[in-house]
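Next come two complexes built around subunit A: one with subunit B, the other with subunit C.
Presenting the complex of A and B:
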């Protein structure tokens, strides 16, 4: 508001022309620096987002625009057993993966936060699965967890345990995939937590030690509250990450056996690019997006309330 | 206390890091095995001899070298473009006041929350319309800049002291001259971090190439490897050899730029 007033005042008052021209020049330079990157990002996110919404009201098959079908896609979704299965599979992943990565990440970060030789080496070890592509990780783990030839069943046999179905078993495959996903991702939480722990001031920790606080008390009453903001960040990030779980499925189970590892994103991909029901795929994608936003907002509200209680 | 127990911690950390890294060690070992060693149960843990059959199949019996080159071209172009575009945008958002700068920055960062599966179908349709699907260009254009990159560079320039630029401005340099001659040379740590993180992301991308590319000649190494495994179901040494070759570039970049990579992840890139 004040900007607009300032602008119109500058227009009426002739002697103030100069700063006006200066402002124009500032805008031109600013936008010529920021414009290209911004146009690409917003162009490839906002336009497709609006387009996807329109698609979700059509029966587009990807090649032709399709007819308007109103809310039919959204209605069909609630009677689609595969959608519910995908929802369950994705939910299982979220519920197991997020707490596991937070707890394991923090514990390992605490272990690494010492003056022990080779910390850099350990940190690198934990990050290697994170930087390797999902293709490599998937092919490698797909073989290790293979029912007939895999190392894992080889190990079970050596230990005198029965051979497991693993990735070929509808009841085990999603758990195995969750484990693989955890293996590829948890290094990230370690690194983030480690950076946060290193920010905790030495004085606080020393004061706690002088007061005779046990290791457990120090961990629970100093470290955990100090890294709270990182826990929230990692929770949100882990949620986004887990809800977008896709690559590892392509390179291992391809959604099988019997749809037991179809996640929402994998289903969207199948719908659009294998079954050519792009309109319906867009509707599924939108429901996932809305669900993600709701979960993030709910999570942040809970975190804030907890914070207020402390 | 710290001095007395170090070996104790190693007893915990060694097995944990072994669990995370041993699969990769075995990946390398198995790439030198014969089909017989891998297609039996239980599989061999250690190769009897260094067998190069897997590597021969991948390098001579498939388009893998072509896919590798495609990946190098695509990732290289993306890294160079992001270094230029994201650093310019980050500098503008951190240092200049122009119409809509604040709201644009917020919008750009908010796009990081938009999942790709939501935008992938229309993005495919856009590229189909302009006839760019099934070209390497389709893989490069959407990633010419990134929200993460802009965020990283904005944060870096905000924490960066202004004095140097102001001196140059007083000397009569234009904004562009200041940016390219004064600012960029001192922004090397942030640029290195951005380059490492962008390369790893671009190299590893599977979803979009899988959608956008249809002919084998234009596959990236990730898509190629996925289909390769489908065609060579029983040839595990070849699959493992391909996996090793696909992982080597990111592993190299990671080990070389580990410090920068960790800084980029934790957002702690300082001058």
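Presenting the complex of A and C:
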């Protein structure tokens, strides 16, 4: 009797237990895949972010624990002329760089999308600046755009144009840096666009050709809409990239002359590691974070609405 | 997006990574005391220090020194050490610039060597006065002097000869400096009399201080609560540079982080170059026919500025602090120092070194270093030992750039910088 009971219990229990065990095994397998990534994301992103948020409510100099100052760092921010200047400089970069990199990237990608001898070489030419380190690019460009000894002014003189202040001029330095930034980054847009253009199916292009579409019409009505998702991606990517512009500044101007090339991230770095006001620096970093997030959300919403209208 | 928090994130990542590493090298009661040094040196300097450490380990049974570059050059040591202190993974000794001392000293893990420096074996008075001042923060000695330097004027002999000017004599004045620079300037050949950095860093600022001091001014008030660099002495100093940059156009304004000036001097494009002993090995390699002279003077005062660097000691336990002082006493002893100086061209950090027989060979190896070494006597003051100095310096860097570019008058620029500095200095704490 008890045997039968035991048996039936075992029978009824067995099917129940087996999925449990499988579930556990699935969980273990799942976590063993996701675990390392989770640990890395937690350790390198979320915990540091939380820590930085806490830091932004203190007056820490990283040498001593610091006192809690509540929202004072954020309040101080709005009266800080250098912060506003950094905001303006970074904004200028974003406004100039994003459209330029999208337009130039697409045009160059179209030009490079053809079968010519040595096309691989031409393609590589546009990608090399992107691969080059910011340090070498910065040093090189520092020489080219030097006011007194640079190639650029040498060229201007040869062409009979007046000598420009370039990196030595507070009103021109940020434009020059934007140009350098564009030169080092837009190769990435070219590569992405080129890949997207090559994905456009031949039939569509052939159909357009048979219908007698001009080159311009093909470009405007077929290529541009086809790479739309890449344009959104590159826009978001470029925005993040531009808002975090930092490395070239260290190797070209260190924020000078007269703060004319201080960007937000450079200012964060200065505040934390030169001026020993890490708490304040963290507050600036968080404002940048919030601003970036809002801009991206707004951008994506606009892009989505446009997509729905089409 | 995550990178938006670049500075803070890197820092915390280092924290997370190293937090586990430090406990492994915890206290040990028996055997030799193990200490770690982050030297931050490169090339020849790094090799020399590693050689010296090996010799120390071979000759000392009770202390074992482990060399680590600290993963950073001297320039980048501050963020590294900050992260290491936060995460309890700090070394016993680190090479840190003197201007960082006031900030670093606030950390409770910084050792206090004050008592040790009073013992005869430290031979503390043998170090130059400005070095001792630089490693002492509010009466607390936080380490040993490591390297000392001072500012001199290097001149290109060929350019002076070409302009038909006699080489500068030690008793020259700033008016001489201006006139000679003007004469050497030849825009057609791309030659400038001298250079001044206008980037946003300390390199643009520290050269102004000796001019200010010579004219009787000072950077801050004695209690370090008020900026005084906009005094008539400060205006006079910056006015001279402004006249050179704007009127004579004899000053090449260097918007890059300082190194470009040195390269231009090496390639014969600059008549004068204000710098220190560290450029001598490079100048020799570039085969420049150079001369060295002390700074021009004001009313016979040739005061210069110096930036002593320190070996700062951090406290793990008493035994390791003692081991660190044993090692640093050995490393900074005249014999070892002379070897280091001969290899790297840096200046004597102790007066007694100049009396060693090998000192003459060192002088022969680096032509001109005798002038820089003698100029140590003109290095009377260091930059204000306050945690606010880096901020104050950034305001002055702005003022210098604006003035030299002719955007504003000297007085306006300095007054504006002083007002900003006063606001920063008024913030309580530190």
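Convention: the second predicted complex is superposed on the first by the 292 of 310 C-alpha atoms of A that agree within 3 Å, B and C clash if a C-alpha of one lies under 4 Å from a C-alpha of the other, contacts with A are read in each partner's own complex, and residues count from 1 in each chain.
Just so we're on the same page, a residue touches a chain if its C-beta (ideal position, glycine included) is under 8 Å from a C-beta of that chain, and two chains touch if they have at least 3 such contacts.
In this text, all values refer to a predicted model and were calculated from it rather than measured experimentally.
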| item | value |
| --- | --- |
| Subunit C versus subunit B on the shared subunit A, clash or fit after superposition | clash |
| First, second, both or neither for A:128, with subunit B first and subunit C second | first |
| Partner chain in contact with A:259 - subunit B first, subunit C second, else both or neither | second |
| Contacts of A:57 with subunit B and subunit C, given as first, second, both or neither | neither |
| A:181 touches, of subunit B and subunit C: first, second, both or neither? | neither |
| First, second, both or neither for A:244, with subunit B first and subunit C second | both |
| Partner chain(s) touched by A:136 [first = subunit B, second = subunit C, both, neither] | first |
| Touched partner set for A:272, first subunit B, second subunit C, both or neither | both |
| Subunit B versus subunit C as contact partner of A:83, first or second or both or neither | neither |
| Touching partner for A:34 - first (subunit B), second (subunit C), both, neither | first |
| Residue contacts with subunit A in the superposition, subunit B compared against subunit C | B |
| Superposition clash, subunit B versus subunit C, among 1-9, 109-117, 145-153 or 199-207 | 109-117 |
| Footprint overlap on subunit A, comparing subunit B with subunit C | 44-45, 47-49, 51-52, 55, 62, 143, 148-149, 240, 243-244, 246, 250-251, 265, 268-269, 272-273, 278, 281-282, 285-286, 288-289, 292-293, 296 |
| Subunit A to subunit B touching residues, read off their complex | 26-27, 29-31, 33-34, 36-38, 40-42, 44-49, 51-52, 55, 62, 108, 111-112, 114-118, 120-129, 131-136, 139-141, 143-144, 148-151, 153-155, 157-158, 183, 187-188, 191-192, 195, 240, 243-244, 246-247, 250-251, 264-265, 268-269, 272-273, 278, 281-282, 285-286, 288-289, 292-293, 296 |
| Complex interface listing, subunit C residues touching subunit A | 1-9, 11-13, 15-16, 78-79, 82, 85-86, 103-104, 106-108, 190, 192, 198-201, 204, 252-253, 255-257, 260, 264, 269, 387, 390-391, 394, 397-398, 401-402, 405, 407, 429-430 |
| Residue ranges of subunit A in contact with subunit C within the complex | 43-45, 47-49, 51-52, 55, 59, 61-64, 142-143, 146-149, 165, 167-170, 173, 240, 243-244, 246, 250-259, 262, 265, 268-270, 272-278, 281-282, 285-286, 288-289, 292-293, 296 |
| Residue numbers on subunit B that touch subunit A, as the complex places them | 2, 6, 9-10, 12-13, 16-17, 20-21, 23-24, 26-27, 30, 38-43, 45, 85-86, 88-89, 91-93, 96-99, 101, 104, 107-108, 111, 113-126, 141-142, 144-147, 149-150, 175-176, 179, 200, 203-204, 206-207, 210-211, 222, 225-226, 229, 236, 239-240, 243, 246-247, 250-251, 254-255, 258, 261-262, 265-266, 268 |
